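Okay, so chain A shows up in both of these, paired with chain B first and chain C after.
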Partner chain A sequence: MTRYLVRRLLQTIPVLIIISIIQFGLINAAPGGPLKAYILDPNVDPEDIKRLERDLGLDQPLPIQYLVWMGNMLTGNMGYSYFTHRPVLEAVLERLPATLELGIAATLISYIIGIPLGVYAGLHRGGRIDNVIRFFLSILNAVPHWWLGLLAIILLANIKLATGVQILPIAGMKTLGREEFDPLDYLWHLILPAFMLGTTGWVGFGRYMRSETLEVLGQDYVRTAYAKGLAQRVVVFRHILRNALIPVVTLSAGLLVGLISGAAIYEQVFSWPGMGRLLLDATLKKDYPISIGVVFVFTILAVVGRLIADLAYGWVDPRIRYD
Partner chain B sequence: MTTTQSKTRAAADSAYALEEALRGPSRSFWQDAWIRFRRDRLAITGGLVFFFLCAMALGAPLISQYVTGYDPDRINLRENYQPPSVTHWFGTDEYGRDYFTRIVWAGRISLAIGFMVAIGSVVIGVALGLISGYFGGKIDDFLQAIVNIVAATPFLPLLIIVGSLIKLDWLGVAFLLTILGWTGELRIVRGQVLSIKQRDYVLAAQAIGVKDRRIMFQHILPNVFSIVLVILGFDIVGAMLTEAGLSFLGFGVQPPTATWGNMLSNALSYATRNPWLVFFPGLAISLAVFSIYLLADGLRDAMDPRLKR
Partner chain C sequence: MAANNSNALLRVEDLYLYFRATKGVVQAVDGVSLNLHRNEAMVVLGESGCGKTTLAKAILRLLPRNVHKYTGKVYLDKQNLMDLNDEEYRRDIRWVKISMVPQAAMNSLNPVLRVGDQVAEPLEAHYSLKKEALAQARDVFQRVGVPVDFMSRYAFELSGGMRQRVAIAMALVTSPDLVILDEPTSALDVLTQANIMNVLKRIKKETETSFILITHDISTSSELADRVACMYAGHIVELNDADHFFTKPFHPYSQKLMASVPTLRQTKQLEFIPGQPPSLVNLVPGCRFAPRCPSRFEKCADDPPVVDMGERRHVKCWLYAQGKEKS
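On to the complex of A and B.
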């Protein structure tokens, strides 16, 4: 187990190195280079810029610059914003909780809706409800979910216009101007974005759990369980669900990477103040240190998430050995 | 040829003729698949809808000229924000451009990106997958490392940065998506090749000294072809959805070139009062994706009935 963990951690190193090289290349490809903020500022003497370049090592060859930059990134010094001059790490980490909150809520919703839906459809294969579930899941599977989010927002906004009733808030994490922490207000704002972001997950899990349930239903141990007279509930929970759930753990890693990759779109749609929005705002302003910082943190989250999923896979399925 | 041999041959021939007379001529793999596919009404519907969408995209100039009578870029401010009607099927946008005509033209770009990325990914992925699976060893390790790196990259955020550094046209978007897209094919083709190369007929070919290239292309490739055809469908979908997302955020294909994605982005500012501006481009994407899914599922079931659930 420890050996496996060490090997996996070692495997992630080249991944991070290559991605960091790409990111470093992007910073240097950015017009103006890393000192753009100062070059644009008329109050800064060109002599000072030269001196800064020397001090920061920007006159060094690129490979050496890369090593220095990488060392800085790893020690948490990700540079400064071109515009606010705040440390990048601080600006990025400030947005991390919002993204995590939305991502975790969406994942929970994926499980809560997707798994029962899929198991129910699988247990009632060919019935009318199964057909309805299958029909809707396959249509929802083909629809861009952020577009559904847009439609939901338009619908709610029009209901508000017509009747004055705000069924659910459609933008932001909390009511604007409310300073004190109000958990109910946060939860209230979370419902729509989390449900919409979770659609990707619960539609996927629903379809997957249905076919997985059918697979398990055909196994001898399920027939045995029924044959020895166990109640339906016991068979479903103890024999079917537990085995059908195993691959869901692996799928969760894919879901996580997808949620991170899609965060920018959903946070844009729902005006959610997370890292995806930060990435968009920074990139539009060409504040590249921030953009790169966000992608760096995204990458680490994705790599760590996949690692956790791989370990969890072995934990839920004891037949899997790590060696 | 000795008489015994020719007698045996004659006997075999007549046995074969008898069998053929009883069962009809033996059917090839593709004939079998076609017969199964024809029975699958959902897949046929999906295929027809997708064909129809492609035909509309290809025939966009004809539709402009003969069906709707509008130019996709003609501005007519006196007719802006029209709801859907007989004269404007999908309404008009903020410049009074006919929305249906624009969606048809946008489909050209969105579908072209889908096809280009899918074909590019399949060519690269299949070639490297064959090499990776067949030869194994160092090449395999190297390609696997690349696959892992690309799989771990949150690529939409990366594309956003690239899209802000370079103003992308649709070919640029297609190129970038291809670079990030072929690893899925490699993984699947490699897995197939690993199992196929254990079969006896490959061993037999190797034993009589057939060249590696010939084994890969003549004995292994035809056997992974059916799965490649199915992935091709899913690749078109993936590329179209990513393009839509990227263009929606404003970092993909830039206006005035319309794609289904950047039409959505543009429509957002006027969405509350003019919901059809958001509804129709998304509907077009969904219809294309859904029809491809039906078609691809049908192809998979037709070509490999064991996979059917």
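On to the complex of A and C.
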């Protein structure tokens, strides 16, 4: 087990290196650059641009730039923002809690809604409720979820305009102007974005759990469990759910990655001050160090998420051994 | 006949179980009657698809979703099980009075639970035992010859023979009156088969339990059998005691079946029965074996009667009806 963990953690090193090279290449392959906006500006002296380029190291060939960045990384220095001159690490870590909060809440919602929905539908296959669940899951699966987010915002805003009732806040993490920490206010602001971001998850889990439940229901050991005269509750929880969950646990790794990358769009839609929005802003402004820094942290989160999912896989399925 | 039923444990009368299928109604169990005494072992013989397993499911009320007809009487200790509702049946009968060893024991164990817990589970469910359940499970593991430290293993860590023993242990743990074994030795090698049969024989000797053994393996089942029920196309065509059945069966189908069993050191021509058993969908009236029967005659176009041959022996065939009709 320890050896497995060490090996998995060592494997993340090449992953991080490869991701950083790709991100470095991609961002530089995009047209423009942090200083290109000034070239056409008559008020900026070309000499100053040259000097800025030298200061930022942008006059060096790309491989050299990369190696310099890598060297700094190894000493724990992720560089500075081109525009605000704040340390990248500080800027990213400041946004990390908001993203984690949204991501974890969305994950929980995915499980809490998706799994019971799918299991219920599977157990009552062909019934009216199953048909309703399947109908809505199929529709939700076909629709882009960020668009649903926009629809929800329009709906809530119109209700507010028409009746003056704010059912759920549609932007931000807390009520503006409120300085002290108020958990209920945070929770209230979290509901809508987390539910919408979690849609990908619970729709997927719902569909997956339904087919897995059907699959497991057909297994001999479930018939044995019923033959033993166990109560329905015991058969469902001990025999069906335990087995139906195994593939879903594998799916969780993908879900986490999806939620992290999805966060970039949802944070924009719901004005959520997380890393996703930071990444979008930085990339549009060509703030290379911030952009690379955020992707780096995203990569670490994704790798850790996969590791947790793989460990959980071994916990739910005794046939999996780590060695 | 009712007089010599004092020792009877199970009495099945006119049991029907039909399914709806895309092609029509499958008459899998079609008016089956049988009776079984305490500590008796009955072997249900027949070809694949003749309704043997469905008969077991009908007795245990393990019904699929597409049931078309499920009627008849199943008396266990003079209590008609068909009068119980599903919840009463689950609570009072399943694994309390009747347990089963399912077909393909490999797949009948939950892959993610320790086998010891699975064996102890019925005791927890029906008698709310916790610690005692595991102690009793340990006891029954020893009785079927599985090392006690296997209790903490998972099904995939056991060999086929061991899994089959675990499945038998699971069926015995609540000391039920009746154990239904569905093909307990198929897919096992001959040595393991012999081993399992010895375990069953010993348990039959040690306890009062009755057994219904569903199989198409005539030679292995003869080890345990007191009585034989021979099934063909949803009917029981012959009920006989084992000694008579294995030496001088009544029904032409039984005779053909016995003639197809290989015997050691005897160079006899193995027979087979030409033709196919009928599909159980949309059966025509008359004897179902008639198209393949060497001794068929005009009467076989009508459904044959069940003829009482005395000593709890019955045969469903016109050949035996002639002389009996007078008496």
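Going forward, the second predicted complex is superposed on the first by the 274 of 323 C-alpha atoms of A that agree within 3 Å, B and C clash if a C-alpha of one lies under 4 Å from a C-alpha of the other, contacts with A are read in each partner's own complex, and residues count from 1 in each chain.
We take it that a contact is a pair of C-beta atoms (placed from the backbone, for glycine too) under 8 Å apart; a residue touches a chain by one contact, two chains touch by 3 or more.
These figures come from a predicted structure and were not determined experimentally.
Engineer: Will chain C clash with chain B on chain A after the two structures are superposed, or do they fit?
Structural biologist: fit
Engineer: If you stack the two complexes on chain A, which partner ends up touching A:165: first (chain B), second (chain C), both, or neither?
Structural biologist: The answer is neither, since A:165 touches no partner chain.
Engineer: Have a look at where A:238 lands relative to chain B and chain C in the superposition and call it first, second, both or neither.
Structural biologist: Touch partner of A:238: chain C, not chain B.
Engineer: Just checking: does A:144 make contact with chain B only, chain C only, both, or neither of them? Give me first, second, both or neither.
Structural biologist: The answer is first: A:144 touches chain B but not chain C.
Engineer: Of the partners chain B and chain C, which touch A:10 in the superposed model: first, second, both, neither?
Structural biologist: In the superposition, A:10 touches no partner, neither chain B nor chain C.
Engineer: Look at the residues of chain A and decide whether chain B or chain C touches more of them.
Structural biologist: Of chain B and chain C, B contacts more residues of chain A.
Engineer: Contact-wise, after the overlay, does A:228 reach chain B, chain C, both or neither (first, second, both, neither)?
Structural biologist: second
Engineer: Which partner does A:184 reach: the first (chain B), the second (chain C), both, or neither?
Structural biologist: Neither partner.
Engineer: Examine A:220 and indicate which partner it touches, taking first as chain B and second as chain C; both and neither are also allowed.
Structural biologist: second
Engineer: In whole Å, how close do chain B and chain C get at the C-alpha level once superposed?
Structural biologist: 15
Engineer: Report, in rising order, the residues of chain A that make contact with chain B in one complex and with chain C in the other.
Structural biologist: none
Engineer: Under the stated contact criterion, what part of chain C meets chain A in this complex?
Structural biologist: Chain C residues touching chain A: 60, 62, 90-91, 93-96, 99-100, 102-104, 107-113, 121-122, 125-126, 154, 156, 170.
Engineer: Show which residues of chain A lie in contact with chain C when the two form their complex.
Structural biologist: 219-221, 223-231, 234, 238-239, 242-243, 246, 316-319
Engineer: What residues of chain A sit close enough to touch chain B in their complex?
Structural biologist: Residues of chain A touching chain B: 11-12, 14-15, 18-19, 22, 26, 29-31, 138-139, 141-144, 146-147, 150-151, 153-155, 157-158, 161, 211, 214, 257, 260-262, 264-265, 268, 276, 279-280, 283-284, 286, 288, 291-292, 294-295, 298-299, 302-303, 306.
Engineer: Given the complex with chain A, which residues does chain B contribute to the contact?
Structural biologist: So the residues of chain B touching chain A come out as 145, 148-149, 152-158, 160-162, 164-165, 237, 241, 244-245, 248-251, 264, 268, 271-272, 275, 278-279, 282, 285-286, 289-290, 293, 309.
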